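Order as written gives the chain letters A, B, C and D; numbering starts at 1 within each chain.
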């Protein structure tokens, strides 16, 4: 895409969805470190998300997590968002934090627990109806820790049954996004461990079921951009949970561990039509800012996605295709690297200026005094976190 | 399966397919070490395979690799096998050892090379017609080494086109087995890198297309038995390429690196009907005996599969299901481990005695004098290897 | 060691150290599932540990974790242990659960935090003086999450300084055991990430500093038994933190994920003198029983170590050495596998009977009614866990 | 290092050592694809290396591999190099391609083979005397494929003995560089599998023994820059074998798989004094250009190292240290990323122009007609490769 105005237009139209839980406290099993000014409820999370959007102009959607974001009136929450220039995005279900789910939720050997889990998923669709959300995002921690603990195939049967019931409940324009994950918290088997499993279930369910790629959920050495390209070819890529990792599901800021990988992913997205709004690819963050300041970390993450996208858009597609056709390995690679090695920050500054916002989102946010204000005002109450 | 006679019957009916190339020289990129007595042609490979079957009573099928096993008269080769109590098994294609395939075979950007590759695959089906082989086994080294080198999606299109053409050529009772591999020899993308990709293609092709699981072709941390169970549930498991690995595709003797994993795999096979002949699961070896004596290594490998199968058959299925249903994690695991910890070697000695063969295959082979004989007789000529 | 009485004697003399924290609640970052009857204080943990020792006859030592096991009178706690046939083992420091340690403890850029951390480590030595413990076990969560976050070399300097101060405080007969870990909770760098780093520090410190091998703390593909053999050759193996893992630091029951690996580790230990009491190798468990019953899981873990040890002791050392000398790869491997494939459970039943305990520890514990008793009696209060 | 003239001076003084074998054919165990114009002897390799240096101005040193580069008169070879503006670098030993080394070289159980291997290493020092090379680079393929195959500790003893003998033969100003590698071609144990093992041996040997870091020789998830920093702190970093990898030891062009990692490595080198000539860090390439044109690939690799170095030199050291001291995680990371995100290609064009060479090495080489010339002239004879 050599036309700079088209590149800019694409960048201006890209929307990053930030997760409500990234504004709250998080941590590892060893320790959750609290931070001053962390929101105490979904409304305060939206206040923070509005700052991210104000600073970047690119983050107008906020994903919710139920029950962490449970409120009495979801329509009111949606209006609160709208008043701040935001809209509510994916509803993320949670069937892993109840004692009943120790041995699984929808795949639990106990039918009572399965029914309870399905009821929660159905409730999430109710919430979607109220918030106007398009996407139900399903991640299951279900699995086993020890060989023999449960029957792998029986669990697939239970999973299929639960998914079918929830799928049947989806309304017009609603989608089910199925996420896969190699391991954690289950350590021996996970019931949806890889894209192939998620794909097979989605295929059987129908067009409204799509796969979500969380960039931290793969085995070492997995070529994520291959999966992205394959799913786009199959029209089964529902979206991303962006983050980055050095080892496991580290949930660091996207682009922080391997910016070249993020660029390669965005190249496959861009090349295969995934940036077009009608493709329906949701660009969501799913991160844990355990030790760094949360709002600035989210701003930085949005910027990292934008920079990778910009570089992907700058690839000389004709030169690339020509080198590929002629089998010129080095030239084809050089065309790609030429885009990656370009400093796109000036271009993104321009884009922001054209949008009427500060070209430097991090500095703008720092200057806004927001952090000092929330640290002073949000005193007392219970800070939001993974458990609340 | 607590009925010992049923266990024995299952063990007696299990057939392991040994690969012709395992009798020849092999090695790493650093060095191929030659061994005395290695076969010079496919007939001598069958002579060696007959010794493995004589010693174990469980290895009556021999897979061929084209062009390494190219002969003028395949029907004559099949008769030669039959006279030795063997039959010819899967025909393995080779579209990776010609200079033309430097940038791929069926996915090569050059249509001339793709046609050449497809022609070879079609020739393999011709050979199947002559040998009476059921299975065409396809492994593609196709992929890229550098980001940008070629178009991931275009390569999938080319792959799908080639597979469809070859699939259309299959006769009654013939199957196409599609193998996947994480990496090597391609280092950036592989065109069939994981079971999901192989599955998606096989699904589109039809019932005669099945996935092959090579136990050495996964990313670290991949739960192979999950894949096995999943594919059996989907009726898409065509067979195994057994071997073992500590790091990458080490191609060591199956069961040598992680005997517990092999047991878990055979548990899923046995539990989900994969041992029944009508399931059509091919139990093939695909190994490289770089530094150890070849025939004894293959005998040991056959025994390792038998021991894992025996242990899997000894699992108390009722006790396991009961513990699983009640959510007793430790008891369910204990039922499984009880079978694994059992020494099944006496049982297998009995099975062999009932088959009328020596209970100790390794000792019997050593005592046979075969190794001394081939070392003395197979002098001159060119030893078989990966390149011949 | 073909002499059966010597094998039995070795098995009878092996002592497994169980960790106080394994009796309490644990979990992942997603959820801690509570269990009925979990101890509320260090005394109740010792009561449970006494049951493990009663059932196995092999677990007379209990490691403490400070501050989780903080009491007013450590000498009284030691007497309490002694009255139950136990003694207190390694003192495990904790410099990762205070808000001050967000960016590190002994390697924190802030000297105030470093002093606080060192003070805690020195306090642990004070506790050792009171409990009569030999070993101070140091595991640091210190590291960084993002490239650039801190200076790798400066952190090593701070680490060296802290270790030297604590080392200087050790009394006669006391040791410092330094543990390494690839990652978690730090995701980019860890200050003691591998055995080489731990070894280098211990070498500089002196003979009282030894390396601890936690079997879950390595990169995929790491050959742990090589490290064990190397450290024994260097007289730098202080002990083990046993557990097992499929992916990361899963902290499952030792021997549950890869019993063959555990056997290979115990082979290196046995072959290289590590079972002799004077070698000073501590056989500790470090596990999290997130979903399974805790006491039976610990009993099973002790048994798994014993079974691996028994198999290692049954290796025909002469036959092995002979095959190795002659370069007979298959025979040497077969000698090893022969021991591994042996069912040693009858031998261990005999050993237990000779010790005057029930040959079936799991059944004996179940029959004891202890679980029902603690579930009934330990009501109210706060269950012990990682945070208490 | 904010002073641009100092940055340029550092870039001008950096010397990359190219390996003679990268100019010859290479491949995987599956296939070696030949290329037109590949050298037939060491002299032609030097001719090609001279083109790389002419194009880059940064590659004046060429490493040799014995016996692949065996000539009658090494002094004459050295003069040949000198006449082309080159000098001969590290002498790489080869004790892995003789049938005698099937079970190891210096660690082989057979003392005859060990003596043969040591004799080769000593011969390499003789060659160093003739070529004026400073470094003897030792990589051992020694290891085992199967558990039990040999005695891990005995092999360390043999290794230590061999290293000591060779070390004792080193002359004034000569060094021994010991390389480690996780696996391949050995699959169960490798005798020098990690930096810790290499470090421990080097420490015992003395100051002339230094560790070499091959960037492709680690387990997944290993933080290589940590090792680099640690070895520099210990004054034990002898140099690099640069290449890049996605999975195993892929030997792709350095910087091609993870340019951010290469930048982080060069940051640790630069920050910790490793760029200073007196630090003695050798920046060697060790790559296999299996499918891409060799000379342009080596030129690109040299440029990739330069670009990573340039970015590392552009880091604002004061700002970084300040953010680190104050515990500002995001700011410290941002300082690092700011340098990484800078497009340093204009700076390197300037550097080249100041050196009087073409600012675009790839284009300059292409325009030189060298590839056409060698393709036309180097006809007949045997192309150089790993076996010649």
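Here is the rule we use: a contact is a pair of C-beta atoms (placed from the backbone, for glycine too) under 8 Å apart; a residue touches a chain by one contact, two chains touch by 3 or more.
Predicted, not measured: the structure shown is a model, and the values here were computed from it.
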Practice item. Return the chain pair with more inter-chain C-beta contacts, choosing between A-C and A-B. Key: A-B
Study note, to complete from the structure: Matching interface for A-D, options B-C, B-D or C-D, criterion over half of contact pairs identical, gives B-C
Practice item. Round to the nearest whole Å and give the separation of the Cα centres of chain A and chain B. Key: 39
Check your understanding: With chain centres defined as C-alpha means, what is the inter-centre distance between chain A and chain C in Å?
Key -> 38
**Study point:** chain C residues counted as touching two or more neighbouring chains
**Key:** 103, 145-147, 182-183, 188, 220-221, 223, 246-247, 256, 260, 291-292, 329-330, 333-334
Study note, to complete from the structure: Residue set of chain D touching chain A in the complex reads 220-221, 223, 246-247, 256, 258-261, 291-293, 296-297, 300, 307, 329-330, 333-334, 340-343, 345, 362
**Study point:** In the complex with chain D, residue positions of chain B that touch it
**Key:** 26-31, 33-34, 96-97, 99, 101-103, 141, 145-147, 182-185, 187-188, 220, 245-248, 250, 252-253, 256-257, 290-292, 386
Revision key, fill the gap. Given the complex, residues on chain A that touch chain B span 103, 109-110, 144-154, 156, 182-183, 188-190, 193-197, 199-200, 203, 218-223, 225-227, 229-230, 232-234, 260, 264, 268, 271-272, 320-321, 323-327, 329-330, 332-337
